[in-house]
């Protein structure tokens, strides 16, 4: 454990700036975010954009519409003279805001062949035109809501891809979203342990700058001495767990996780397919040979936890992760990079891969920070009402926009969720 | 009961000819049937064709492909030199033939965005070209299989519409498949009872001519004296049942039916919508005011049975129906007529509406006729293996091709099924 | 096919008398039936009588109470001066009579630890005392309802045992209801085919004498030439079906049956247990070595149908069975005989084992006879409302009281039901 | 906020002694605990002890046997010469220890009418005799396992009552476990806020003395300034929440909680029954008028959380609770007191009702403490494998034995669980 990262505590507490934190609200940023969403669906057919493969996922077309509904409902409808595009879209494209009214049942989003993709794009044009007028008019009290709307749309950019991948995985033809590059030849560097010192630290977003309400208030926590793994767990390492009977040994699992594994007949990560030539991995590039050096992806918290126990370690808490992330540097693989899969860790010193590549499961249940106050009104439903039976993920993935992620960012999913771009970071107490 | 129809028994027994029985296999008929399928999807977008709203229904695109798969699998693959269009289509588009191999799970048909509509139409072209070559070569031992394939495709023409209507009914925008004509002003003629005489009769298809295996062998049955209603039950009559508390009176219902009604919160036929201005009816023309004179449609056997009990009557057996149908005449409203909804009964003498308009629930459980022998090989799975817990429907509907229906034709659905074009014919014992 | 049984048609039509048809209502018969019910629970502990192992089954204690509830509700409550035993028992022990009012949910019958067995027996004493007074007073207009009540209680005598056996089968200790006798050494006689002639026959109960409403009216049917198997299918024969892959060959099964078999992982009759020494059979005598000569029991209609198809035969219709049963003779193994299991067929001529031993699945869906009229009032719910998605069984079992069964008797269960004392009789068309 | 309790921090950190912490392992204590279990079932019939009303609950008889199985398996089977009582009991009465082998399915515990109550009591005698011999022999390396076994049995004492109450609640006769005393006339004292100071504190059990593994290691945490409610929320206060539409206002609920409430049609705490005279409350004394002054019981975490939000407060974290509990004094209502229901809070200063009366939901997800090490071997399954999707409850209830509870004690249940003796303690951030 030669490379302690705890020494920098004072510096970390003094600075919360993320390398890619967005600057103030402006028209250019609005256009950029909106354009990226549409760029993401460019390779898709109308039929592809219709797919909903489970209640938790949504069709790409619905993501296109819902992100516009946000601006229409929470911004434009609050302004004078705005004409709603279609009287029923409020019902169709509300996700879960009870305060805004009734909505179409989530599991039935895939049954909306109408409006067509063309109509939804027209809806976007309609909303964009009104938004451009508003943004051109200068600063507005709605700017924070617009800022939130852009981060909201960035979240849906990633979801659009995770949902699509799940839908494509149901098709025996194994469609590819993008063309695969050449097979990688990189080798994962050795896994090392980096120590974090004990003490009182501050976590959470500072009071100024954009952050979701769930990242605040910044507050003190007491951390015990621990160490973090230097990189994400690789497919090759996870394969050893499988081959050691990992999925059939209850002593390695949380009880509820083992039940899931049994009932769902889990034998490998969600998108691995066992063939006579060994495992293949299904991803946005279609079905590809497993790259042992790449990080293992699409595992549930239950699998991450079982792997960690097998490896004699545990998962980090979200606070441990955050402390390490405050000083993380080096290149990150984000949505804008277009790689569309997790990359092999670089042979750098320190903790690598904290941002991008894959979301990292933490052992922390998603809960309000001490003194948490949700946003006022309907937007108060954005985060707070989900703070139960979900677990925090940190750091973003290859499908997370670069300007969207922060050290204090808290993503959350149920422990059994496997269809996100999720990976495993190890930790251990000292 | 002034117009007995039982007198014609001898004549009926002597003649089994249906007015629209197809002539021998020929190229023209092949083209006609195949073209009609594609004409049916002309008003649909690629997204519409993708919809699957329940496990029992299939996307329009799947129907397009599956009907081609039939010819490829059961006809072309038996001939020399045929090149299969795509190695995985056999897996994707097999419906339920165990003998032909593994297949894509039925509830997941709606998740196949690939192949695209264009690719499926190309598949049809490929199959059609090979079929045309085969048919042009003259009579073949495969002719009966081709004949069956055309009747199979006609069945799917109707299913394509029933499945689409169900999918559209899930959309709050209430899409219309076709433009509605002017609202009808016709009044349903009085309901009369037509008597059938007692005795031994023959039922079922004669040994020659096309019929499904489940219509044979023709055999004798003993019928008790009874009477059949002169027309289908109208929406206005059914409304009186609803207003008399029909859905809340267990004494009118089969026990299992009442459980379905309670659990599913049935309060009217599947596609009726209660509004402040009274009931509206959703159909292929979208949401329209209820036409009290038109036959009530989209009811389960349970509802038909409860209505009949409320009306002091019962449902006919399939044999009673068949005897009456042997001499049925007059105009019929079939798929080719393009009306796309059930019409008001004509004021004719005799039993009307036996063919077309709506399938008529019978009280007969779907069972093999005495001496039934299924087709040999995989096609033996076409009918026989479903002869349990289903009930026979007779006569076809406005969505049934004219050349597809016969007096001996036995359709079948579970008693709780509501999404077919089903109506109510009354009967009573004398 | 040397022993045709069709020759006796005229005689059969002339006589409907069952060998054991009960005589008129009398006090002795009342006492006898009631006493037998209590004799059946004598070997059981209070805990045994509490067991409910599935929603379709009821605790023995509930059977004790419900059969008394029948007399209290349908007989005594109609008489002057009767004091109801407990104000809530009407709610607790109503089975399914909607017209009589609300009732305790069926799946929760096993949760009624109170009233205790002692209290339920006291309830029986209370009802019996009032019934004795009523019966001592001579003929009454309620006599038919009492007669029905005794037959009702006899049905519950058998159900008490089938439900108990199912509950005991859930206990890894394999409790025995009764002590087993010595293992049988009998060998099943060869299976022969007995022909039935074609023609018009009458079936159903005659207008006089006791019968359930579903056995009436007696009416004519036309039967095709057929043959019936001489005895029930034996365990040894069924074992050959299993060993020939019977449970894994979809072509032998009805589609819905194969789904049941797959989903439920059926590999043998319900109570067979595969051990290293071969199959054991669980029954009222506990776990015993399989007797290859004894009739195979506890099979669903789906299994019976699949076995028949494998054997190149089919199941009989209920009318075919009834015609044969009209002239059946010879010893029968009924509840009063105390054997408590199905016996090896005797080496007699003609069709054997039609009565007693095991109920015989027929291919006939349970439906009203032509002109069927249910009993008036709440007792009209006794049979009629279940005439859907159930199949007729004939002949009674070793657990059926001798005085309870008749040639026209129609028992009915869903096709997937396996926990009754059901066996397989083969038939074939000629 | 006049009565701060944070001042005593130093003292609390210095002392972990609970008022009722048991002394060292001895024969008297063994006998006392074992005897109390049997005393608890004294009012029950054999049928009562058979009841299992849901998969999460177990029959009283099973609790009797399982607690003996613990000693047999983890203690006696490790000693020389012990004769197992019955070869199958290990299978029947293992709860969830994978390492010990296969076990009877949990939802089927209520189907074990055999062994009888008498046999289970005999099993207890057999185990007790061997245990007494072992204990009489003096200190043993197994003493910690015995100590754990006694705490285990005490947990089952409470579960025996919670499970029984749930089973009795399914019976329309509303059976009472115990006779009710006179209706209370006490009035709940005003609810006050007691402040806790900010800072670093130690929580968890000290290294010596008995505690479950999940209470260790003792470790430092940083707490923000907060305040705790002075007593449990009363029925009268909760009634105001109901009358204010609490169960129909999604903005008050966690999203998953509101779904549970909708789906389960929650309208009041689990055992409240709405009558024309207002609410009645079902408990171990049967159905009684609601006592507005008594603490509201049998609520889920979801209801507790919604109530707190409605009241402008929140639930405490487990650490906040523990700090307050370190100095709690005053009388507590425990199992030995025989009251069998939660009592009205006393008008004392400070925080009252922290121990006894009702378990208090905390907002803390059940998770391992930093550096947590489960027990070795099969007993490692005791706690650790359940640390997911459960929430911590603190303080014990009227059904918790006095010697069983500690300030550091962590009970845990899923957020939707309502059948435990659970209540609401409010907290708020300052």
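Note that the chains are named A, B, C and D in the order they appear, and that numbering of residues resets to 1 at the start of each chain.
By our rule, contacts are C-beta pairs under 8 Å (C-beta built on N, C-alpha and C of every residue); 3 or more make two chains touch, one makes a residue touch a chain.
All of these numbers come straight from a predicted model, not from anything done at the bench.
The chains that touch both subunit A and subunit D are none; no such chain exists. In this assembly, the C-alpha centroid of subunit C lies 48 Å from the C-alpha centroid of subunit D. Centres computed as Cα averages put subunit B at a distance of 60 Å from subunit D. With chains as nodes and touching pairs as edges, the resulting graph is a single ring in which every chain has exactly two contacts.
Looking at which chains touch one another, you get A-B, A-D, B-C, C-D. Residues 96, 98-99, 200, 219-222, 224, 226, 250-251, 253-258, 301-302, 314, 363-365, 367-368, 370-371, 380-381, 385-389, 415, 429 of subunit A are the ones that touch subunit D when the two sit in their complex. On subunit B, the positions that touch subunit A within their shared complex are 45-51, 53, 61, 88, 91-92, 104, 108, 110-117, 167-168, 170-173, 175.
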